[in-house]
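Naming follows writing order (A, B, C and D), and every chain is counted from residue 1.
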Amino acid sequence: MARSAIIGLGFTPARPTSAHQSFKEMMFEAAQRAYADAGIEAAEVQSFVTCAEDLNEGLSIFDEYTPDQLGAALKPMHTLPQDGLHGIADAVMEIRSGLMELVVVEAHSKASNILTLDWIVDYATDPIYNRPLNLNPHYIAGLEMNRFLHVSGVTAAQCAAVAAKNRRNALRNPTAAYAASLTSEQVLNSPYAFYPLHEKELAQPVDGCVVLVLASEARAQRAKGQPVWVRGVGWANGAFSLEARDWAQADYCRLAADIAYKQAGITAPAREIQVFEVDDTYAYKELQHLEALRVFATAKKAARATAQGATELGGPTPVNVSGGALGVGNALEATGLYRVAELVWQLRGQAGPRQVKGAKVGLAQSWRGVPTTSGAVVILSAD
Amino acid sequence: MKPTTNDTLRTWRDNIPVTALYTAGLGGTIFLQALKERGQLVGTRCPTCQRTYLPAQQFCERCFAELTEQVRVKSKGEVVSFTQAHYDRDDNRLPAPITVAAVRLDGADTVLIHYLLRTPKPRIGARVRVLLKPKAKRTGSILDIAGFVPA
Amino acid sequence: MNGEPKVARGTPLSGEDIAKGKAFLVPYTPRFRYAWDCGEAIGRYFAELKNGRLIARHCRRCGRVMIPPRMFCEVCFRPTDDWVYVKDTGRVNTFSLCYVSWDVRKLRKPEIPAVIEIDGASPGMGIMHLLGDIKPEDVYIGMRVRAVWKPPAKRTGSVTDILYFAPIAGGRRRKAAARRQKTLRKKR
Amino acid sequence: MGYRKVAIVGAGMTKFMRRALETPKELAWQAAKAALDAAEMKLAQVDCAVFGSAPDVFDGLHMKGEYLADGCGGWRKPYLRCYVGGGTGVFAIAQGWLHVASGMFDTCLVVCEEKMSSCLPHPQGAFLTIFDNFTEQPLKPNLLWIFALEQNRYMHTYGITQEEIALVSVKNKRNALGHPCAQLGAELTVKDVLASEVMAWPVLRLMVSPTSDGAAAVVLAAEHVAKRVTDKPVWIEGVGWCIDTTYWTNRDLCYPRYVERAARMAYAMAGIREPRKEINIAEPYDPFAYKELHHLEGLQLAPKGQAPKLLADGVFDRDGDLPVTPSGGLLGVGNPIAAAGTMKVCEVFWQLRGEAGARQVPGKPKRAVAQAWGDLMQMGTVVVVGV
């Protein structure tokens, strides 16, 4: 099976708004940066993948609007209404099958263009049993967090500490939109949004675009820059319905991780991986996901480690040194790719003031947000 | 030099003008009919996976079996989780929060999501029961249930 | 159990079933509102429409003059270079006589959508718009047309600042082409 | 380049109908279950699932892939939704092929579903918003516009008449009479078609496929599994897809070059040099009557502008030299967008196995092509299968 690597990264910084660019112009900027980074011409790319959801774009068939600004006109290109990490999975399959050598993955957010975002999120809920309750859909996160706290023994204060850590981490990341010197107390003192979830524990939407160039091993060895190798990629869904799902465990994350670990030959994630970019759409999710990822045996241990600074930059298990979704922002389908972007910088040794020393292997994990139980895991390495 | 200024930036505003009419489906029809006409909570059971789905499902998501065995579930159960929503869908802060609970009714392996009423201090593990609307006001909707109240 | 389905599944539901309340239904009206960033290309396009002009972008590598304008050339994959005013006249590339409105109301008088190749843009560069001031049976492919603009005070910087495109009078080819296409159409 | 061999080992679908009582996930489950039953496989034997569906607003669900996951067998499995507009139903097969051909999985359940009736009173709000939000939607276009504009350009360029196009409706609706899942099978004449209401000239009512609810599914397996579960595997010999520029008003709509590119990609994989001679059955996408002809030309199965003549000569009849759309197509079976494309793949699967019942093409066909189209006259998706 052919190995694959990321050989180019382009992005626009995550920002609450981006009024100077249309989505096409934003994608064009990120694509140009990615191709320059990879040292390739757009014409060399054989296949393209965009990760996008129609209603986040406000167009009924967004696939129509994808090719030109990436250089994909008259080429194989398709849309996945999935997170950007699923896009990487697709590119890896295209390469491993032997069909393609050079594949581009794109995802973006123009969240600032959506005037009724929560209505759209709510449109993802079951129309017969759930939507008639007429609620803001983030209540689902409140329900889940409460169950998670109950089952895991994690405290509200420990969740708040995650939010404070990630917002502080973002201070070292020029790409992040929501950097802040925040303390756990300030998070805990923010009003409840969806009890027991505080307002400052929700990742805020951002605009931005990330483009990655993936290549087969043979093609990567001819690449201009240092390739970052894809060691494993896994993705999975849990039970979708609110009625049948597991309310305490992130089963989708556990399943996706186990697939990725198997491919990468990783048996002790905490020891073998030096940098983690883990979904923190809501602060408690980071702890829940760290357990599902087997980085800590339990979420409670993850919470204790966080309190002791073990997941900070400089700690033994740095988690979300980029700032995560709480610090960088929630870039809709591009959220996973901002995590990968951070890993690329870390593994290339380009992360500047937030560089994790000795980072050789990194993990990025995504979750598609409420009401889904859908996520993916990608493991990257420097060599 | 002519900078891009805020005066030249524009947005174009529009909407997606759709409305929807959803059918309850085969499973949903069983559930809603029993709820409306008999005030009962009917699920379906997968004999292979030994799980009772409430509301009734046409198929088992785990093994794909067609579910033909209908099971009447009790109207009492236990709070698996609850939350208090302080925002509405337009992101306005609500004057008073809305309490919502996930409740596992006795005899079901799944939870039902609904409002938690008359409960100033909600608690996970508390026993509650389903409060139905009077028969004359039931239309065959999940809102035929008014919510959960302390058992 | 090989072979195509002998008994196909699925339960048809008729309008009558619904009217009689045989099915449980949930109506819903979502609220999907957007304010899309026009960005540089469309922002300028709209601004010029307000001025009563059509503007395009030029790529110096492939030489194409593109409308609607874009900041990138999709053929060369590079930024486009120059703004170019093009004419508000052109030629009908294709058209339809549509007797159904966007929301499925029947129309007695058809709308006439068309792709109009714009003079001054590269060959084949068209935009979609409507035709007006013409009888449906007189429209033909190749017909020369000119934009009919809203009065300046009523323009908002939108494609609807052009009310429609109307035929430019004259032309010998016009009658012959119209005749040929009428015969084609009559055959239905 | 040798690829890992992937076969279709089972196919299933629901009836296509105007409005189904079933929820989207129930429809998906019915088709998926039928496909698994046909392959004599259990869900537990499936490694991963792929779902295809067109606009979210049809089913009335944001992220509808997530909502449908359980109906598609995605519970606690790797599950992916792909989406290329109307081209999705055939592309999903290519997406499933990637899952297995990559060596990452041995079996894959591919399900496509559409429930257009959820979009009430009609899906026009969804169709309006397929157009460019800045430069086209303010003109209040409907879906018919773009088809009528393309059909007119096609007719004009090659001197094609309405009669010639009407024949497609006649053939496909007749073929659909033999399909147990068909919504609109009918015995019609060219005169009937031409006498039907003018929707958007040159498009007439009987040249338009209906809106539908329905689902279709196939099970894919790697060679070693395929040989274990069936003695009649249908091999996926080639997959191809291609998207053209968004700026459809800057292209000549008379010819679908994106279909040609997609076809050439699939043919190259399949080692096909002369498609007209090497392909026994074609299922091109026919949401509108002229589209079938247009796509046959893109598929290199007819010279440019010549498909109508071959049709009139009977070449494309079920017992003709190159049977085209023996299923009855979207015009006859129905058009639940993505499910309709997969229905075409189901059809060639049944045909090559000799299991197509009343619709069986004579002469033991060996190789077939299914094709779908999508987006703004823009996306071509092609699958070549053989036995």
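Simple rule for what comes next: a residue touches a chain if its C-beta (ideal position, glycine included) is under 8 Å from a C-beta of that chain, and two chains touch if they have at least 3 such contacts.
Since this is a predicted model, take the numbers as computed values, not measurements.
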Selected interface, B-C versus A-B, where C-beta contact pairs are more numerous: A-B
Computed distance of Cα centres, chain D from chain C, in Å: 26
Rounded Å distance between chain B and chain C, as computed from the means of their C-alpha atoms: 43
Centre-of-Cα separation between chain D and chain A, whole angstrom: 33
Contacts with 2+ other chains: residues of chain D: 19-23, 57, 60, 70, 75-76, 120-121, 125-129, 132-134, 245, 247
Shared interface positions of chain A, touching two or more other chains: 19-20, 55, 58, 60, 67-68, 73, 113, 115-116, 119-120, 122-123, 127-128, 132, 239, 241, 244
Contacts with 2+ other chains: residues of chain B: 4, 9, 11-14, 16, 18-26, 28-29, 32, 61, 89, 141
Touch-based graph of the chains, sorted into line, ring, star, complete or other: complete
Residues of chain A that touch chain C when the two form their complex: 18-26, 28, 41-43, 55, 58, 67-69, 71, 73, 110, 112-116, 119-120, 122-123, 127-128, 131-132
Chain B contact footprint on chain A (complex, rising order): 19-20, 55, 58, 60, 113, 115-116, 118-119, 122, 127-130, 132-139, 142-147, 150, 191-197, 239, 241-244, 247
Touching residues on chain D, where the partner in the complex is chain C: 11-22, 27, 30-31, 34, 37-38, 40, 60, 120-122, 124-125, 127-128, 132-136, 138-142, 144-145, 148-150, 152-153, 155-156, 159, 161-163, 166, 180-181, 194, 197-204, 213-214, 230, 232, 245, 247, 249-253, 346, 350, 353, 355-357
Parts of chain C lying in touch with chain A, wherever the complex brings them together: 26, 28, 30-42, 70-72, 74-75, 77, 79
Of chain D, residues touching chain B in the complex: 19-23, 25-26, 29, 32-33, 36, 42-44, 57, 60, 70-71, 73, 75-76, 117-121, 123, 125-126, 128-129, 133-134, 137
